[in-house]
Amino acid sequence: MLDRIERIRRRKPVIREERITLAHGAGGKATHTLIEAVFLEAFRNPLLAPLDDGALLRAGDQQLAFTTDSYVVSPLFFPGGDIGDLAVNGTVNDLAMCGARPVHLSAGFILEEGFAVADLRRITDSMAAAAEAAEVAIVTGDTKVVQRGKADGCYITTSGVGLVEQPVTLSAARARPGDAVIVSGPIGEHGAAIMLARDDFGIEAPIRSDTAPLHGIVRELLAALPSHVRALRDATRGGVATVLNEVARSSEVAVVLQEEQIPVRPEVTGVCELLGLDPLYVACEGRFVTVVDGEHAGQALDTLRSHPLGEGAAIVGTVAAAPAGLVLLRTAFGGTRVVDVLVGDPLPRIC
Amino acid sequence: MLDRIERIRRRKPVIREERITLAHGAGGKATHTLIEAVFLEAFRNPLLAPLDDGALLRAGDQQLAFTTDSYVVSPLFFPGGDIGDLAVNGTVNDLAMCGARPVHLSAGFILEEGFAVADLRRITDSMAAAAEAAEVAIVTGDTKVVQRGKADGCYITTSGVGLVEQPVTLSAARARPGDAVIVSGPIGEHGAAIMLARDDFGIEAPIRSDTAPLHGIVRELLAALPSHVRALRDATRGGVATVLNEVARSSEVAVVLQEEQIPVRPEVTGVCELLGLDPLYVACEGRFVTVVDGEHAGQALDTLRSHPLGEGAAIVGTVAAAPAGLVLLRTAFGGTRVVDVLVGDPLPRIC
Amino acid sequence: MRFVDEFRDADRARALAARIAESCRPGRTYTFMEVCGGHTHTIYKHGLEDHLPPEVNLVHGPGCPVCVIPMGRVDDAIHIARQPGVIMTSFGDMMRVPGGTGSFLDAKAAGADIRMVYSPLDALKIARANPDRKVVFMAIGFETTAPSTAMTVLRAAEEGLSNFSVFCNHVMIIPAVKAILDSPDLRLDGFIGPGHVSAVIGCQPYEFIARDYGKPLVVAGFEPLDILTSVHMLLTQLAEGRCEVENQYARVVPWHGNRIALSAIGRVMRLRPHFEFRGLGFIAHSALAMADEYAAFDAERVFDLPGVRVADPKSCQCGEVLKGVLKPWECKVFGTACTPETPIGTCMVSSEGACAAYYNFGRFSRDQMRAAAREPLAEEASRA
Amino acid sequence: MRFVDEFRDADRARALAARIAESCRPGRTYTFMEVCGGHTHTIYKHGLEDHLPPEVNLVHGPGCPVCVIPMGRVDDAIHIARQPGVIMTSFGDMMRVPGGTGSFLDAKAAGADIRMVYSPLDALKIARANPDRKVVFMAIGFETTAPSTAMTVLRAAEEGLSNFSVFCNHVMIIPAVKAILDSPDLRLDGFIGPGHVSAVIGCQPYEFIARDYGKPLVVAGFEPLDILTSVHMLLTQLAEGRCEVENQYARVVPWHGNRIALSAIGRVMRLRPHFEFRGLGFIAHSALAMADEYAAFDAERVFDLPGVRVADPKSCQCGEVLKGVLKPWECKVFGTACTPETPIGTCMVSSEGACAAYYNFGRFSRDQMRAAAREPLAEEASRA
Amino acid sequence: MCLGIPGELVERLPEHEDLAVVDVSGVRRRINIGLLADERLAPGDWVLVHVGFALSKISEKEAQAVLDYLRGLGQPYADELDALRASDIA
Amino acid sequence: MCLGIPGELVERLPEHEDLAVVDVSGVRRRINIGLLADERLAPGDWVLVHVGFALSKISEKEAQAVLDYLRGLGQPYADELDALRASDIA
């Protein structure tokens, strides 16, 4: 039975729906199916295939990383940030996850007729501040205006070019049994902050988005353990669970998590309980997951914890050989369960 | 009086509106004011400042060009193309205008809930075909889904990285008196095709978008006249008039056009007459304007005309010293008039 | 006390697990049904079965309201949602439930205005804010949820709201359990009773199960220790030859239930003569409709409904799973044609559905799980 | 014949220019007013003044309907557009015209549903397609456009459409010209008469101008050769001592106008006792309102209007420009505070407005223009 | 605003007596010809189009008259030009 | 669906007798306490929250009884564990 399911899970993805639903944007299974069945199918090329945070390119003697993300978060302003710093940090982080130093960003704005110029200024100011903090320059851009009712105020697409300065081989496919899995801090704060900011559920809690540029902490990690970091992933849409499923699947290993080790702030736990969510699936925008050689896990943890953005880092699990392709959780209760890829949940737009 | 006006025209742009209007996206004065007063103001850096089609970057020993554009054209499918090939060709062209060989593209999709998967496939198929024709690879991407009513089916943002392989200095600021102004073919077909495709005006005509990748014809032009091409610009939003105003302003020269020399297909003329538009302001997506050394204008024209995308190329004007900063038109009637930057016209979304 | 972590303690669980193992009579196996989908969810989410000896077998009952809703009712709800001017409101659980012609999510993508709410009171808020729209609340759930719907309707009536109605699909647990008990192919040794339903109806309504069918029942809470404790209580009854209704969840469940909740239901709703449960067929007196006094708030009367019964897909074995006759993975389409992404049966939709819970959280033999989980954490390894 | 290019021929223009120069009496200057904004547009668009000798001076009249609409009417229109359920439809020309509280474009950005149409019939199409909305057509224009509005209302009445109305701002050319003629500070030698208005009203209504005010008038077409020809005809009349109404545009303008168009106006509309023209003040019998028989289609009766008169900004000198007393660039704010991007006066909005036309197409001394234009084309240069 | 465009009537539409199609440089649009009901319009006729209505039937004869008037006025200029060209070549 | 969350009542709201605020791990939400009108709820009381309504007042005494029962059951196990640890150290 398990084999049969695994065969099905690995077979060529097919879109059954005739129309795009919100699930296709939620970062879970439906998103993966869409990407694989439509985008990969149409654009198939060796650089795109690995579906990592960005593509690695060669330009003369220099290796580059190149990435893009569109930001459609609602609301545009939320505790801890806004769409502007999200758009800068998100792309900076995808470059950092490739082991690159983020250098140049582009920004494409799609503005809705009627959008307040003052809000646009607030957004560009926070983009400028985020770019300065991340040591990148926004070097090219574009602006389109669409009719009222054809957008939601402001959408931003940023792309980034980074320089890979020390050759590292990072990939979700490089995890091996015995490796350690580390998260850089408490999870789920961005997603929880957005849900509360939407005010759809009448819930209030002192939760702020964790949006932050991760290039600095990643640089220190790579400097400390140049050859023992296997994979880096920022845990955005779909959360830590989704990232680890990608690792398990790409590396053909099992990831075994220990529930008590997973750092979650009590307020995030509270929101998840009230709404029936699992923090493992809730997005972060300033946390990453790294897989490191198990023997250097302690050193990696110490390095992360000495950086302000890694104070709450924790080793949350290990990589095992079997059951390959799956993420398991040892629950605090002493049991074990599978942590599967999210089935498209119609959660609010978070990035 | 003229001095006073010129002083005003050159002073720091100020946005007076409290809200974004469609004029801010039309490519004319309001767009420029928005870019200068908000984006340049916030992101100010030396690479962004020239506001050319893309930014030129250095990576190791290699010079790169980097550009981005968001595509929000309505309708998504129109005679001669669709948003997909537009999104590929547009970014390929911006790289070509920097004198770069387009190599890598990213694509960020913002999809509206309910969008037909079959339409998405049509779009990705034509992106793939356009990418193949333009010899570029789409190497990284992103997909977001927004609620029904928060987009218009599909928006695409592409960014591009190109390699500058032979060092050329192209800039809208390099035109000098005696240079020739050339357009690569009949103008205004894309904009006219879109207006008709929207079917808002009940007008029918056999007009197809001119969308095409210009890297090939540009490569041949630069190969033929490596040191005599001053500036290249694709004449997109705002049309040829807007591009030439940028040249006149940046180079502090006058551009003098000859009306009869400007290639416009009769159907485009007809649409413009019916709607009271001037073809000089109507967008192209497969035409560019180049300023070349006047003494090599004939050679440039011959080179362009020998390429399939330049069969209709024409020398349309010259660069003069005065009145600096303005574009003048010698009309077919024997008079002369100013061709100013478009004041934001609420035209339909064309790219 | 937070009434949560205290009941998730691994040490207490291990101690209890030892007692449970001791309580099993050698050579005998025990099959208990947890009636409520919330229990199913807890069992898989916490990996509770790792604490049970092989002799104790849990089967998952019909107490997941999303799982028992028949396809025809989903189609009716979508029909309402598609009417001009309608805003349909629904708990998130319903969004992916397939009817004969797609789910709420599909209907939303195709243009219907369907919004997720956390509470029926949020639907009322939407109705107040949109006086020119007709706001319908898709009411689902057992007796746990029915009082909230009833209170919301009473509030709407009090405010004189004329653009709010309820599409009432509330179902009742006792007739569903009775249908299970009456099915010939069933072998159960006892029931883990639904804690939150019981907070409303109390424990007394279950007494016929012990008295007439000879099966013990323990009303249980939703933390994993609650369920383990209830298993121990069931085993103890069996060992001691007792057959009673016991209340493990007395911190929440009063023996006689919630009087106000029951009277709110009684005022606003009336018993339906019969109602279809997916997989179980029509069950008499098993569901609630809006009472005549509140006809103005009854979407079944405000809108014309097609009301077409839709046969379950041939390959669907939800009925057997709901009766505990088949384990989820024994269904022929489990994990292949039927996955949480592409559910054929409703048990694959809600995370309380037995199939979805097993697919998402289980999908492993207990032995494999335990082997994998035996790997030490890397920190332990590298620091050791 | 396409009736366009033939009348844009440069060789013919040069020949005509020579005759015009010859027709000027040495030492005398001639000032002609082109009444119609369409003529202003043609003059600047084609650089027509390059063909005129310095002795001939054209001044731009009040015939741009966008330029004469008072701010209060724009505010009223925006007020209508903001009512719930309203779709306001308008020609593109109106979108940027500033009222006291912003323009249509601003109101649209702030949430009003305002749509550009090419024809009033398109507004009718929108009304048919949106039976639950109130569709209003912002009717502006002189007698050229009024028949189209009238025919559209007749059509709406025939179809029994109940959600369509017209906000009628149609104005009449004769009272406007008479106001110009009566203004004390004016010195004109003749008029270039509006061709398209005359296609409706004919040439006869201008006869009082020649008869009572002693000014010749030539009804002219809109191609640049039409205007040059008309200038020549005016000069010829003056040289010959005649003072008549002549029709240069007989290919389009019948002497007695269009009977059907006039009767459509007569059926659907009635004369207003007076109406404000921006810059010119109130003019008696100068505009049209909807007739009582078509009250149901009259937005002024369907909606409550504030109807507040808004004084023109202090710095605005549109009135002087419209009367031809000031050239656009003589206005104190021309090109500085008042630009097409940030119009203070309405003459800066429509491309038929004298200020906008001059700003967009002119903005140069004729000498500078000619010097710049003398540069040869590069092709000629490089091929030579 | 008073923009009027000459177009050639290419087709009268059967669904309504007031509807016709005009062609402007190869571009077609449906227009209303109700204001020219007196004119018995037929394909090949030219009309002046304003905001979707035909406002006037265009007379080729009158157009030609203006061009003839211009030719007459231009004759001296043309003669002069010819003389100039002749002297240039010489 | 039958998700019920224990929360601490921190405030009764003056605008309606049925409204109160509960706290769940530092997260606050307004809920309706109309179903517990019999209970004379006061800040500090714990309630079970289901779809925005308080369904039941939670009894700490009964909760403690379950934990005591478990401690009783666990005693032999705890003893055993202690013995094991002791032998390990030895």
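Per-chain residue numbering starts at 1, and chain names A, B, C, D, E and F are given in the order in which the chains are listed.
To be clear about the criterion, a contact is a pair of C-beta atoms (placed from the backbone, for glycine too) under 8 Å apart; a residue touches a chain by one contact, two chains touch by 3 or more.
Worth saying up front: this structure is predicted, and the values here are computed from it rather than measured.
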Between chain D and chain E, the fewest steps along chains that touch one another: 1
Those chains which touch chain E and also touch chain C: B
C-alpha-based rotation, chain A on chain B, 0 to 180 degrees, nearest 5: 180
Most remote chain, CA-based centroid, reference being chain D: F
Contact-richer chain pair (by C-beta pairs counted) among B-C and B-D: B-D
Maximum centroid distance from chain A, chain identifier (CA atoms): E
Centroid spacing, where centroids are CA-atom means, of chain C and chain D in whole angstrom: 72
Averaged-CA centre spacing for the pair chain F and chain A, given as whole angstrom: 35
Distance from the mean Cα position of chain C to that of chain A, given in whole angstrom: 33
Length of the line joining the C-alpha centres of chain B and chain F, rounded to whole Å: 65
Multi-partner residues of chain E (each touching 2 or more other chains): 3, 25, 52
Residues of chain A touching at least two other chains: 17, 19-23, 113-114, 201-202, 273-274, 276
For chain C, residues that touch 2 or more chains besides their own: 4, 14, 108-110, 118-119, 122, 225
All touching chain pairs, where touch follows the definition stated at the start: A-B, A-C, A-D, A-F, B-C, B-D, B-E, C-F, D-E
Complex interface listing, chain B residues touching chain E: 201-206, 266-267, 269-271, 273-274, 276
Parts of chain C lying in touch with chain A, wherever the complex brings them together: 4, 8-10, 13-14, 44-51, 92, 95-96, 105-106, 108-110, 116-119, 122, 224-225, 329, 334-336, 339-342, 351, 359-365, 368-373, 375-379, 381-383
Complex contact set, residues of chain C against chain B: 108-111
Residue ranges of chain A touching chain B (in the complex, touch as defined): 15, 17-26, 31, 34-35, 38-39, 41-43, 45, 47-48, 54-55, 57, 59-62, 64, 66-72, 103-104, 106-118, 120-121, 124-125, 127-128, 131, 137-147, 149-152, 155, 157, 159, 161, 163, 349, 351
Chain A - residues contacting chain D, complex: 113-114, 148
